[in-house]
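Please read through the structure below; I'll follow up with questions.
Chains here go by letter, A, B, C, D, E, F, G and H, matching the order in which they are written, and residues are numbered from 1 within each.
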Amino acid sequence: MDRSSLKKLLTDVRDGRTSVEEAFAKIRHLPYEDIGAAKIDHHRALRRGFPEVIFCQGKTPEQALAAFRELAGHNGRVLATRVSPETASLIKTELPEAQYRPEARILFLSRTEIKPRWGRIAVLSAGTSDLPVAEEAALTAELLENEVSRIYDVGVAGIHRLFSHLEELERARVLIVVAGMEGALPGVVAGLTDRPVIAVPTSTGYGASFGGLSALLTMLNTCSPGVGVVNIDNGFGAAVLAHLITRSGDEKP
Amino acid sequence: MDRSSLKKLLTDVRDGRTSVEEAFAKIRHLPYEDIGAAKIDHHRALRRGFPEVIFCQGKTPEQALAAFRELAGHNGRVLATRVSPETASLIKTELPEAQYRPEARILFLSRTEIKPRWGRIAVLSAGTSDLPVAEEAALTAELLENEVSRIYDVGVAGIHRLFSHLEELERARVLIVVAGMEGALPGVVAGLTDRPVIAVPTSTGYGASFGGLSALLTMLNTCSPGVGVVNIDNGFGAAVLAHLITRSGDEKP
Amino acid sequence: MDRSSLKKLLTDVRDGRTSVEEAFAKIRHLPYEDIGAAKIDHHRALRRGFPEVIFCQGKTPEQALAAFRELAGHNGRVLATRVSPETASLIKTELPEAQYRPEARILFLSRTEIKPRWGRIAVLSAGTSDLPVAEEAALTAELLENEVSRIYDVGVAGIHRLFSHLEELERARVLIVVAGMEGALPGVVAGLTDRPVIAVPTSTGYGASFGGLSALLTMLNTCSPGVGVVNIDNGFGAAVLAHLITRSGDEKP
Amino acid sequence: MDRSSLKKLLTDVRDGRTSVEEAFAKIRHLPYEDIGAAKIDHHRALRRGFPEVIFCQGKTPEQALAAFRELAGHNGRVLATRVSPETASLIKTELPEAQYRPEARILFLSRTEIKPRWGRIAVLSAGTSDLPVAEEAALTAELLENEVSRIYDVGVAGIHRLFSHLEELERARVLIVVAGMEGALPGVVAGLTDRPVIAVPTSTGYGASFGGLSALLTMLNTCSPGVGVVNIDNGFGAAVLAHLITRSGDEKP
Amino acid sequence: MDRSSLKKLLTDVRDGRTSVEEAFAKIRHLPYEDIGAAKIDHHRALRRGFPEVIFCQGKTPEQALAAFRELAGHNGRVLATRVSPETASLIKTELPEAQYRPEARILFLSRTEIKPRWGRIAVLSAGTSDLPVAEEAALTAELLENEVSRIYDVGVAGIHRLFSHLEELERARVLIVVAGMEGALPGVVAGLTDRPVIAVPTSTGYGASFGGLSALLTMLNTCSPGVGVVNIDNGFGAAVLAHLITRSGDEKP
Amino acid sequence: MDRSSLKKLLTDVRDGRTSVEEAFAKIRHLPYEDIGAAKIDHHRALRRGFPEVIFCQGKTPEQALAAFRELAGHNGRVLATRVSPETASLIKTELPEAQYRPEARILFLSRTEIKPRWGRIAVLSAGTSDLPVAEEAALTAELLENEVSRIYDVGVAGIHRLFSHLEELERARVLIVVAGMEGALPGVVAGLTDRPVIAVPTSTGYGASFGGLSALLTMLNTCSPGVGVVNIDNGFGAAVLAHLITRSGDEKP
Amino acid sequence: MDRSSLKKLLTDVRDGRTSVEEAFAKIRHLPYEDIGAAKIDHHRALRRGFPEVIFCQGKTPEQALAAFRELAGHNGRVLATRVSPETASLIKTELPEAQYRPEARILFLSRTEIKPRWGRIAVLSAGTSDLPVAEEAALTAELLENEVSRIYDVGVAGIHRLFSHLEELERARVLIVVAGMEGALPGVVAGLTDRPVIAVPTSTGYGASFGGLSALLTMLNTCSPGVGVVNIDNGFGAAVLAHLITRSGDEKP
Amino acid sequence: MDRSSLKKLLTDVRDGRTSVEEAFAKIRHLPYEDIGAAKIDHHRALRRGFPEVIFCQGKTPEQALAAFRELAGHNGRVLATRVSPETASLIKTELPEAQYRPEARILFLSRTEIKPRWGRIAVLSAGTSDLPVAEEAALTAELLENEVSRIYDVGVAGIHRLFSHLEELERARVLIVVAGMEGALPGVVAGLTDRPVIAVPTSTGYGASFGGLSALLTMLNTCSPGVGVVNIDNGFGAAVLAHLITRSGDEKP
């Protein structure tokens, strides 16, 4: 409700075109419309076509099902991440239209078609054990209606594999680069391209990788400027950030 | 050099239109043109209007001057970050056209006009002691020819100060949010808007802030998706990432 | 035993009103009565209506039962925290009057009515996965006979949800604020109210949350003064501290 | 503005008793009055008699003076913490009515008398090198108009020294316990009394004290429930929390 | 073999009293006798009455049995630490004379009587969950033929419980003090007595106890001089150190 | 005051042999005599011939002088550790009988002769940069009236240097082993002898030595049982522990 | 393709000896042949006789089998590390010629004979629980066709055991030294020999060994120069490095 | 002295060909000759042409001079590392033939010509601020009489710069790779070549580089096998290790 519509509403009250009760009902939520409002609107915009999300790690299959069931009752799209096969199988028993992608550990349900309408996002991964995180990012980005290129297994231990993909990198608007162990790939990629890079450390590794800490520090300390880092294993968060970037470019304020 | 021009070159050699020497000279650099080339071109594109950068922390005034002098000999724009007043003053003695912005610890020299041509970047900071980092980000973004809004001193200890700026946030294409100590501001901002957020932890604080580690961890663990984090105090890196985002939106591949 | 009663006792011995044996029995415990005494009294005062407590984490169901059985033999109230369903079920087989609250992981037994007689404590939690810790705090506070308000799921990723509860916060004498991941809620709440805030980091999260370390550091570094922090997941400790605060206000020394 | 006054305002508009402009002016600020308002009022309440605060660590004497001068222009009380003798002496040159307490590293200015009106706070310290932090806490608590007892040098290396103060502890409403190195004092004190304990780790120590980390961890892990911990060396924050506790007990909501 | 016996041996060879072969056999092991010798002798002395030790943590029951069987074949005493009930039960099937003490997680076999002949060692523990480590220390000390006093459950959360044991502390030659969580007990004990204190941090605790790190740091930072710290949960090592101390006092060099 | 003397006192009161006032005066201090008393006596015993100690690190020369002056007024022996040349020189100006040992950073004053009366303590150090800590230990042990052997520069990088000292090790009752960087010496020594070993990590080193943390962890994790560790650089504490060991062996309870 | 052959190719095109198509086919892969080529050649050289490697930790038996099956289809040698008995047994069901060495946790398949042709590598280990890592190193080095000496159980807790192997050390070209807990062995060995030492920390230990961190830091901080450290438990990596060293000495560039 | 010479010596004694005194003199040093001897010999071999080394960090100019003077009195070559200009200038006043290389922070003195006689070592560095460490490594390697190639400023932020040096890498026998900040260069290099790689993390960087910890972890976690890591900033240690590798290849045992 902007200023002119508030003024008009008050004039309508004065002139008897609107009853006090009607005006009251509209105005009493003003605080949320004013403060929240823009935000909530944008939130809604953000969530247009955006599935509601359930983080299943640490939930029992029954708890995940309960959450999924409730969201599926009110939403056209529901997305669950970190879904074990057991959880997926329990949910699909009740909601057979839900689709499970075990390689991304994602279960989702969409009652409308999902088709790309935002810019292209390239998802790169360093090694095969980074795949679950890379796929979580790639599939989330697709469910958010972005074009997605997957460029996997191009880690720095064989850096030449990366070069044949340079053109493909340039065709993307933003790059998500997933790497565990030493975590050097995002910095190398950022030095080779002028696309914004979202770095995702993974907990892949052992010993002094300290559950992904080593990769995380590498990415934060990269000398190639133009890299933003998300939490360890957070493929989902990387995809949302990439999506906000593509959308912010397409729907310029 | 794409395939058809290579074929044409070879045909020209066969047909005597090009000498062996000329062809040799062109082909022997192929590896760089093929692999590097795209990259180098894009690098150049990236650096169009992009000042050369010197990181002065840990350099003596004399070393900084030497580096600045050399770059200024070959570039229209030179940017130095983390510049102490002593260093600035020494450089300006020799290169009086250089401009020093002590609040951003930046010294730069530009022989062409700097005017905004990319999307708007908003820079938010939590507290007054985060200002040098926020200004490093804001001024760098301006020197990269982006529009910049400054929204300072809106930390979560008085979260209501943030609300009057919600509309301004929405007018930006990307947000840089700078915070030290607890580092909570980026997560709060990301929950209030649908713009991509670049979080910059600062080393502001004492005791268990551990030189910015606390703020860094907070930002990595935010439950608001859509946040990418850069290194502690890395205002410059945040600005470059923001710039790549605005440019990637405007110059879609 | 203060000085005058000691003197009187000695005079009674001298005058034959008290036998040496009686005096001896009283005096030989003096060290405890003098040093410990006040303390023990206050301890007793503290524990008036305070259930004896068993921390079950790391105990087998049988060990927990043995401890519970023994305390239940001598106390009107027994409280066990971190109780698994298996442990609860074993204990209830033997002591069916014990009550299990799985959402708080608490099993307790009270042979007298529990009714609020101290000031109001509000318990806030950031996300749904912080609930077990929040409930441990809330239920413990109730068993310590405080009024308790529960304000759940008001984390900073959607800070507007907090605002409708501002009045409720002001009605409490002390706030317990539970949050995992980034742990920013206590600082935001402390900036919005003038109540003392007890911050409880939880081990909720993954990756760089390092088992609650991130939330812990955030809370220690908050720039809103007026926040005291307890150990990770220590809902019980937060409730005891809150209870000491409400009681210290009501029973002023 | 509660519901009935909003309804009345609308009725007044309808009935011509209030002009559209007047109503507009009132309603358009509703969000702030509703959300912020209570908060701001309470803020004001909180700050009644509360000096404005400047944290001087990391500021040059000139910066500290500038901040102090500005606050002193608008406030009856100004408090600066972590003030070096140089800074104090510069500020006092310009504002000779300011008072410097070097043992607490505090400089303050008060144009009204400061007299205790809230409950008693006892400040305990373990060793002589914890004194600056303990004094920062004690003096801040006094400037917030609380009664303060100082019980210094009662660390656990000679635990018997603590016992002669047990009664004094019981006369306080809340205890601030300051300790560096091993940081064991707060847990011992909490086991001896039923007062809420605010624990302040200090950076006193060397080697494996890691700048106060050891003391901090000790305090978080104490097995005596009833202890809330603040940041390392944060005597000021402890005092504010203690003050909120005494006030919350006296001005019950 | 000291110098004179070597000279005598050579003289015997010269004079035909000893054959070259005999002398060769004696001399060829000289390096070990000379360098190692004292050591090996002392080792032997050290191990006189000292059971051979197997650390079972991380071994399968079968591996533990194999090690135990082999040592039992050559030694009058064998000691195994960190023995699970399953391992104990497997070993006792084959070697029924072995004795299992589950509270100490120790299995031992002794073919000669074990009776105290060295000074008294007191073992103190802070809480009930520290018992396994305390018992590992106490039983090991007994198997090394020291007198042992057990003083359990005297943690600082109820420091008065410690006082009735002060005399008992003084009767010991060395104190082993076991504590988890905050780990404050060794420092308090060291302040109350003039006996050498061996501090054993345990992994008891949760959250910011970080698997015993908190207790470890507390003990290293204690301001009471006279405390030596062993590894987390290392009851066995504490007992060996205490034993070396009592023996070094009785068998003065 | 044991039970029989208390009973006798009461009988004397009853029979008029002791006045009420006399009995009162004796009994009112019972708590301290009972709890504290033994302790205080022992404390006194501990301090017989034991200099009062001032830790000068972090004190200005003036503060150190003030502390030294006061102690020197009441004690025959005063010991100050971590004394800089400036501090030493200021104190000696006023108290010229104080002796400064710069290699140990110790200043002491003794009005009675210091001569060895307890068992021998050997102090070993790994490298030349560990000398200040080793000397702090050795000199403290001497001032505590122990015999001291110094065996310096026998680190594991040239382990053969250690072997010629094996006999000397065996002549000591307890060994203090000082090492920085990798900190391996104490474990090697403990494997070569059966003397109790007190390990002192030093902050010597750079990079991943993390201020002595590396050496500290090495010592805690040694597989040679019989090693107790003190804080980084804590030569003083090691000497006190060693002294308590030699004394506890000589003055058996 | 070096410069002269490129020139010759172009001359052949000019002179009609080579068709444009043939030249095109050769030249278009130049980038890889030039940049990558040398590398790929060397890679191939590196891998001559080098089994393809699968890291099985974190893979299900089925995933490991799939990877093994695929590599075995194209390679004469396949090496899998960190192989559990279950995984080994599943793979051997399908590929019975594969050989499993449980003590090294390695499964390998070789269709050609493996015989030593490079220099000798000695593998030393400190304790019995370091054996799996030492065997992983030793067996990998053998599969890479090096001579290997095994010198096990020579940890510093009994340093004399090492001395009888000094000559054997000198016969090797490079030493791999494996140690957990305190990790002191590599530094001691490096002080006793002039061979390059590769240090492998293991996760053996408990408490403050922090999963191998303690041993890792010890090795990095050793004062014996000539030690290179690999990741915790990385026996495989140590063997590859040792192999590159022996080969680099034999096949001097 | 092997077995046969010992037997022969004894036979000579028996037969009167050798006196008892002569035999005694030979045998009594056996332990050292057997254990130490080989070692000492090899040590000497190791040090042939190897300058004695002084680590000057933490030494005053006077202390450094004293150490240098003493070594120069007995050695033809002396090497001092981490030498400040002040220290260098003081030493050169007294020993003008010493040479100072400020870029390597090395001062050395050699009375014989230094000429390469071992294999080639390539030293690579990532950025300009890694130069002092790279030069310390390169110059040390030269002083140890190896051929050295310097390949500087080839960090991963512009990975293409590395490619023109691939052939040069292949000409070396071992590579030293120096990098700070993210520390990714050694892993990339190891993936591009089959030479052994010695990785040197530097303390270059800020914020989350934590004084070189980030680079260190990256290098330990690299997925390219064949990398050994030395301590942060330890250019000297890397050179010694590289030297032992080249020599071990040339002087095969």
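Just so it is clear, a residue touches a chain if its C-beta (ideal position, glycine included) is under 8 Å from a C-beta of that chain, and two chains touch if they have at least 3 such contacts.
In UniProt terms the chains read A, B, C, D, E, F, G, H = Phosphoribosylaminoimidazole carboxylase.
Computed from a prediction, not measured in an experiment: that's the story for all the values here.
Each step here moves to a touching chain, and the least such steps from subunit B to subunit G number 1. Taking the mean of the C-alpha atoms as each chain's centre, subunit A and subunit B sit 24 Å apart. Our note on geometry: subunit C versus subunit H, Cα centroid distance of 60 Å, whole angstroms. Here the CA centre of subunit E is 41 Å from the CA centre of subunit H. In subunit A, the positions touching at least two other chains are 31, 35, 39, 160, 163, 192, 207-209, 213, 216, 220-221, 231-232.
The chain pairs satisfying the stated touch condition come to A-B, A-C, A-D, A-G, A-H, B-C, B-D, B-G, B-H, C-D, C-E, C-F, D-E, D-F, E-F, E-G, E-H, F-G, F-H, G-H.
Considering their complex, residues 31-32, 35-36, 39-40, 57-58, 201, 203, 211-213, 216, 231-234 of subunit C touch subunit E.
Residues of subunit D that touch subunit F in their complex: 129, 160, 163, 204, 206-209.
The touching residues of subunit H, counted against subunit A in their complex, run 126-127, 155-160, 181-184, 187-188, 190-192, 205, 207-210, 213-215, 217-224. Within the complex formed with subunit D, the residues of subunit C that make contact are 35, 38-39, 42-43, 45-46, 119-120, 163, 166-167, 170-174, 192-198, 216, 220-221, 225-232, 236-237, 240-241, 244-250, 252-253. Across the interface of their complex, subunit G is touched by residues 3, 6-7, 10-11, 13-14, 16, 20, 23-24, 27-28, 30-31, 34-35 of subunit B.
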